[in-house]
Amino acid sequence: MNDVLKDFVRLDLDRKERTGCAEVVYCAGKTPEQTAEIFRRLVEAEGEALGTRAQKEQADAVLKLFPDAVYDPLSKILKVERKEKESIGRIAVCAAGTSDLPVAEEAAQTAEFFGNKVDRFFDIGISGLHRLLGTIDEIRKASCVIAVAGMEGAMPSVLGGLVSVPVIAVPTSVGYGANFQGLSALLAMLNSCANGISVVNIDNGYGAGYIASQINRLAEHGGPEKRS
Amino acid sequence: MNDVLKDFVRLDLDRKERTGCAEVVYCAGKTPEQTAEIFRRLVEAEGEALGTRAQKEQADAVLKLFPDAVYDPLSKILKVERKEKESIGRIAVCAAGTSDLPVAEEAAQTAEFFGNKVDRFFDIGISGLHRLLGTIDEIRKASCVIAVAGMEGAMPSVLGGLVSVPVIAVPTSVGYGANFQGLSALLAMLNSCANGISVVNIDNGYGAGYIASQINRLAEHGGPEKRS
Amino acid sequence: MNDVLKDFVRLDLDRKERTGCAEVVYCAGKTPEQTAEIFRRLVEAEGEALGTRAQKEQADAVLKLFPDAVYDPLSKILKVERKEKESIGRIAVCAAGTSDLPVAEEAAQTAEFFGNKVDRFFDIGISGLHRLLGTIDEIRKASCVIAVAGMEGAMPSVLGGLVSVPVIAVPTSVGYGANFQGLSALLAMLNSCANGISVVNIDNGYGAGYIASQINRLAEHGGPEKRS
Amino acid sequence: MNDVLKDFVRLDLDRKERTGCAEVVYCAGKTPEQTAEIFRRLVEAEGEALGTRAQKEQADAVLKLFPDAVYDPLSKILKVERKEKESIGRIAVCAAGTSDLPVAEEAAQTAEFFGNKVDRFFDIGISGLHRLLGTIDEIRKASCVIAVAGMEGAMPSVLGGLVSVPVIAVPTSVGYGANFQGLSALLAMLNSCANGISVVNIDNGYGAGYIASQINRLAEHGGPEKRS
Amino acid sequence: MNDVLKDFVRLDLDRKERTGCAEVVYCAGKTPEQTAEIFRRLVEAEGEALGTRAQKEQADAVLKLFPDAVYDPLSKILKVERKEKESIGRIAVCAAGTSDLPVAEEAAQTAEFFGNKVDRFFDIGISGLHRLLGTIDEIRKASCVIAVAGMEGAMPSVLGGLVSVPVIAVPTSVGYGANFQGLSALLAMLNSCANGISVVNIDNGYGAGYIASQINRLAEHGGPEKRS
Amino acid sequence: MNDVLKDFVRLDLDRKERTGCAEVVYCAGKTPEQTAEIFRRLVEAEGEALGTRAQKEQADAVLKLFPDAVYDPLSKILKVERKEKESIGRIAVCAAGTSDLPVAEEAAQTAEFFGNKVDRFFDIGISGLHRLLGTIDEIRKASCVIAVAGMEGAMPSVLGGLVSVPVIAVPTSVGYGANFQGLSALLAMLNSCANGISVVNIDNGYGAGYIASQINRLAEHGGPEKRS
Amino acid sequence: MNDVLKDFVRLDLDRKERTGCAEVVYCAGKTPEQTAEIFRRLVEAEGEALGTRAQKEQADAVLKLFPDAVYDPLSKILKVERKEKESIGRIAVCAAGTSDLPVAEEAAQTAEFFGNKVDRFFDIGISGLHRLLGTIDEIRKASCVIAVAGMEGAMPSVLGGLVSVPVIAVPTSVGYGANFQGLSALLAMLNSCANGISVVNIDNGYGAGYIASQINRLAEHGGPEKRS
Amino acid sequence: MNDVLKDFVRLDLDRKERTGCAEVVYCAGKTPEQTAEIFRRLVEAEGEALGTRAQKEQADAVLKLFPDAVYDPLSKILKVERKEKESIGRIAVCAAGTSDLPVAEEAAQTAEFFGNKVDRFFDIGISGLHRLLGTIDEIRKASCVIAVAGMEGAMPSVLGGLVSVPVIAVPTSVGYGANFQGLSALLAMLNSCANGISVVNIDNGYGAGYIASQINRLAEHGGPEKRS
């Protein structure tokens, strides 16, 4: 390995130290054996491991290796969590409908694994506006809001007009016909008339949880300059 | 003309009598001369005429012919309106932003020309929810709601959850980038999680005004069986 | 619960009272157990319940709980219907081809559950125009027409030129190749050259039935002002 | 030039002799000078020339060269026609709306230039079905039907169910919003539930005129074997 | 039934007499029982029956009813063919690759069922041009050419430059990735730089066979006027 | 106005106080007079005003009213800025190419107007990787990174792998052909393999500047709970 | 067969002699029997055979015939390789993530079968830039670089800025949501801001291997003129 | 600047030395002044400069600075070329139609500027196959073929089956309607059934010229290892 590389490898390790984020396993498309092996290496190196989109077969393989692993069939989150974590700050995870829960839970549990306190606000879609309005005071306590919605994807826009912190919008593929597997929600969120809304990929709960964790951490510990 | 045709021509005239809707001129793509000539024939046959998407040059040509013609450069509505009309019922025309006004006015003035009472609720987009909520009691008095919105097109969904009458959703091409000339609003409205929402073409204020008129008329006079 | 919320919850109940529409269960993606539990709660609260897109396993779970439940495998409608309903007015449900029947029946049975009289006109697609023309006098008796069609989706346009009441167009995903799962019919209906046509999502028979019910009710009972 | 090529060049000339079709100039994107020069060469070689999509400047340049050239600003057809032609057979050119006339005339005049008798049936769109039904007996006399329509593009489907000869469907870009510059009509025509319908490119009146001429010629003179 | 309708029903029967085409069953989505029942009625009324896109289970049900039924698992054509037919004229069915054969055979067998002589030219895609050029003299003997191709769909364009009769282009869904289930071939065929090419839906071999039959019949018997 | 509404109006004012963001004028589509009038009202209410996408004519009209207004023809930012602002924290605005500068400047100046310190890193696209790597140490000092790129939109992914704070990715419409007006960059950014990347609409520099301001403010002042 | 054809058949054989590429079997959609039969003929004619996208059942059928056949379930490459080949030159096959390996191996093994030396650089995606930079010196030794990536498809752009030889970019369908089955990577690669990048179809490892082999051969043996 | 960066800056200069390619100016969207200034700097640094997509105003500004600059209004190539270049090897630039010439010339002149010998084969589209076949022997002498085509984009596929060297396919936006600004040609080329075809962006003549230059250079001078 030449000098150039050492530099960058070092930077990368530097990053893990600062963010506290162990590498995460995207389990989709891996065999149970591959999944278990990657978990083995990660737990060895990091002391714990987080996997997303895990199927039961993959979970079984990992559980054989680590009996303290935990698998949630709703969010498809599979994890070996061993470190003591003080949950900091506050992230609000909002979901429009019950069908959006798998994505919302992926976001919430990702953020929790990374050491954030998470409040859940589920089934508060805009067709029954009183549900969202009834929880808005609680939602406003968060440093960052994750808004998960399928179909017309309007909830982030409504939330964006009611809070002062960033809203991470997650379109889901929930719906049928002209939702085109999440395209309708994705386009709606990208075109939001409200301020403060940025968007991740369709069904990407993990990505939203990661970003919310970054923001929540900034709110707790300040930016790079303050910390250095 | 054979018997088959006479039948159908008669049906069509029958229809005009029942609906009270004079044929309407879609002015886009016509020369000023053609526009004036069509107006001349329609006024002769029907006593009045309504045109949509009219440019100033077309309006000038018609005004030369009919000095009592009225042209509205915002909605591009051009009309010769001479019949005494008792405005019936109540249609609510809602617009999300000020950029949606041309389409909203096309809808409103179409409905008015067809003899309906119209209430306007403009600039009540969902990013400032209090504006919509502040007018909802008035909106609820209508027999039919027209909801005009561009960008993420979420307003019809919010309205759909708050009223008990049909909502005619009109997506507009207002926006840029990933709105794809109105596609984002169109898809959002087609995928609404609220009940009671049907959709017309992008920027089709006229179509929404026509349908709202049909519904308002049914609410005032009852259905075909009741009237026969 | 704070005052704001009480207001909105009340409004929502108010709405149910006025429209007579019990909440409806979208069964797709729910486990048999979840489906049964939701039905249990709804029947308890409302006295009856309607479900759409139900699979046989879901129907079996509900039938175990409510032996008087009825399941229609064609429309995938699952319901516990116990209230005495006087069917009012008249809604025409038209379907272009036999493959469109599941969607047409979803629309028809939804409207019937909500207390409307429904006339069915099936297999009257435009490639054999005499079939549609042979029933047009009957179709014209309705207060609202639901037009269900796949492939090129032309039937609503033909109907729109022959009736004076609103046509709710339902594109279906019936077809193959360049129909792109219903896109061809959807675009055709949105671009109809006929007046009075509004559109719902691909395969959304339920939505069309709901809107038709709203319109038929207006034709029978008049608008909000008349009733108050 | 080697032997292989001579063969194929000869075949191509063979083709012109058999079909009687002089090469046609697609004028779009050419300078007036280039257009005039190509016309000069074609008239020299073939005795006459046909151009499509010609602008007035191009027509002026050609008229300076050939004072007997004829330019039609509606269809954008520019031609030097000098051969005596006996118009054979019968082609029906149908157009749904007046905005479709430029494309319909391009088709009609192309077919006429190639020596076919053409009957025009314009403004017979399906929203006023009596217009189409009133002319159907005349349309049925043709060996081939060209059906030009924009918006929802339904006319070819209706025609396909009423005639026994091939229908060449020409989608036009007429419309706005969700017609996506002719996509709605194109998809509708490709998905027609009627038999006997094939489709050319959006606004391609010339292509339809060419194919109709081929078919009409077959109906008059028989196929290759019969003629040889 | 009123007079208008009698007219049109009669016209439709008139059409069958003229074209000789019995109604065809699109088997996709029907149960084996439904398929058998429809075949039973058609054979009763017409003496024979043709079905497309039939699965083996449907074929078995029909074979139980009509032991002389014939099922071809490649083209998915299922038929009861009992009439003596003199095959007329000549239709060339060309296929680019072996994967296109199911669609090509659907076209060929449809045309044969309707009483046309069919010549097959398979595996003559343009990547090995000598194969197409080696058969072109035979292809030129046909009154109509059906060109079936997937992937880049270029074969119809090459053929269009080499023959003088209409080319019916059939895009297939053969390919992967950016072919988008046949979209690449469909667009290529619609944009052909060659003359005389019209297009049917993706994988619509039946439609192409039907149109080719219409054209071949015109070449043999002449147009409507000649025959009357 | 009823109590519900008062609540929400108050919340909205509350929001301005907390975020320090005066309402912003989206100038596109407004007349110079309208623009000037809105600026007049905003300056009256807020003491200053920010406008985006302003044309020179609009700027002239505002400058006549407020001679201290400033217009930047590159970013199309038009502002009347009068408040003393201590610029806090640090936001890095990165642009891939010089053609992306208008969008990058809209982001940067928006963030500056809202009281943030902004560092600019322009022309650091990935085709010359040394440019980005040469500035990465400086970029890492920011609390939030805005990454503006057109064409293949890869810069945010590279940045996302090198920093520990949120990256707000802004796709631009820069490019041609298969960039489809920014679609290529938009999809690339949504599918980033790097963590920490969220996306706003194509060319939406303002939106990115707003969100970065929210995040930078959280890093400086902490989240809602800490501040209350 | 006439003279024209002989010419072209000869040309084709000429081509095989020059390129050394035996015809390749695209196994997808073929039965095991068909696959085995094609292999039998190819081995007979060419002495060896290469198949792509082979399933295990197809491999079993070929292995029964040729026990020395080799099947790789990762790349789905199935081959009978018997000729002594001196591997020439150097091709670098780069893959962004482990999920891209099937496509990368299809490319690599294709190039190896055609007699090229291949170096593999896997899992060097740009989110961890040090991995790519650490191998760049080795990659630069190749005459041609194949760059395989899914998701945002940015790796070819980064590589294109670091090497002086052609980069063949292969988008993969790896990803989910707004990757639209590889569309995001495809568009990104087509819009690369780096020079020297050309693109093949989504998941088309074989095509990239073939082109790289052509280029590597040119680098070793020179162009047509030099060789003749 | 740290050590890592020095490394990469050096690598980049290294690259110019090896490839002989001066940086190229993409003139679109630049002011005449900016264009002239960039030319001034490049000529100073490199001794010459190449610009693409230049408008006449930009050319005038550069000509004022460098009277020996050359501007070609067809290809929009603007250059100051002063170095003695021995044109090496042979690149064939093929264009399907005359409307494709601007793109083909951009490719050809780019390759010439980079020191390659270029043969032009224009107007050899596949609708008149004899034209392409008549030049194929000459085309085969090249080390690399650039194939430029719009509409159905089939020419590269035909060429790919007739030559043994790489074909760089350039889709153009030439066409109308369902060509969707070059999408039809792009998809066709990506899905080519012929081997050896890779694709660049729509209308990207420059990119194809660059890659062809890389390949031709490899054929003349060998790969990196041979040269080192």
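Each chain gets a letter, A, B, C, D, E, F, G and H, in the order it is written, and its residues are counted from 1.
Here is the rule we go by: a residue touches a chain if its C-beta (ideal position, glycine included) is under 8 Å from a C-beta of that chain, and two chains touch if they have at least 3 such contacts.
These numbers come from a predicted model, not from an experiment.
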Intersection of the contact lists for subunit D and subunit G:
E, H
Which option, B-C, A-B or A-C, should count as the same interface as F-G once over half of the contact pairs match?
A-B
Computing the C-alpha centre of each chain, which chain sits at the greatest distance from subunit C?
H
In steps of 5 degrees, what rotation angle do you get fitting subunit A onto subunit E on the CA atoms?
180
Could you please state the distance in Å, as a whole number, between where the Cα atoms of subunit A are centred and where those of subunit D are centred?
58
Using mean CA coordinates as chain centres, what's the gap between subunit B and subunit F in Å?
37
Between subunit C and subunit D, what is the gap in Å from one C-alpha centre to the other?
44
Enumerate the residues of subunit D that touch no fewer than two other chains.
4, 7-8, 11-12, 128-129, 161-162, 177-179, 183, 186, 190-191, 195, 201-202
Residue numbers of subunit F touching subunit B in their complex, please.
1-2, 4-5, 7-9, 11-12, 28-29, 171, 173, 181-183, 186, 201-204
State the interface residues of subunit H toward subunit D in the complex, per the touch definition above.
99, 128-130, 133-134, 137, 174, 176-179
Please give the residue numbers of subunit A that touch subunit B in the complex, ascending.
96-97, 125-129, 151-154, 157-158, 160-162, 175, 177-180, 183-185, 187-195
Applying the document's contact rule, which stretches of subunit G touch subunit H when the two form their complex?
11-12, 15, 18-19, 21, 89-90, 140-144, 161-166, 168, 186, 190-191, 195-202, 207-208, 210-211, 214-216, 218-220, 222-226
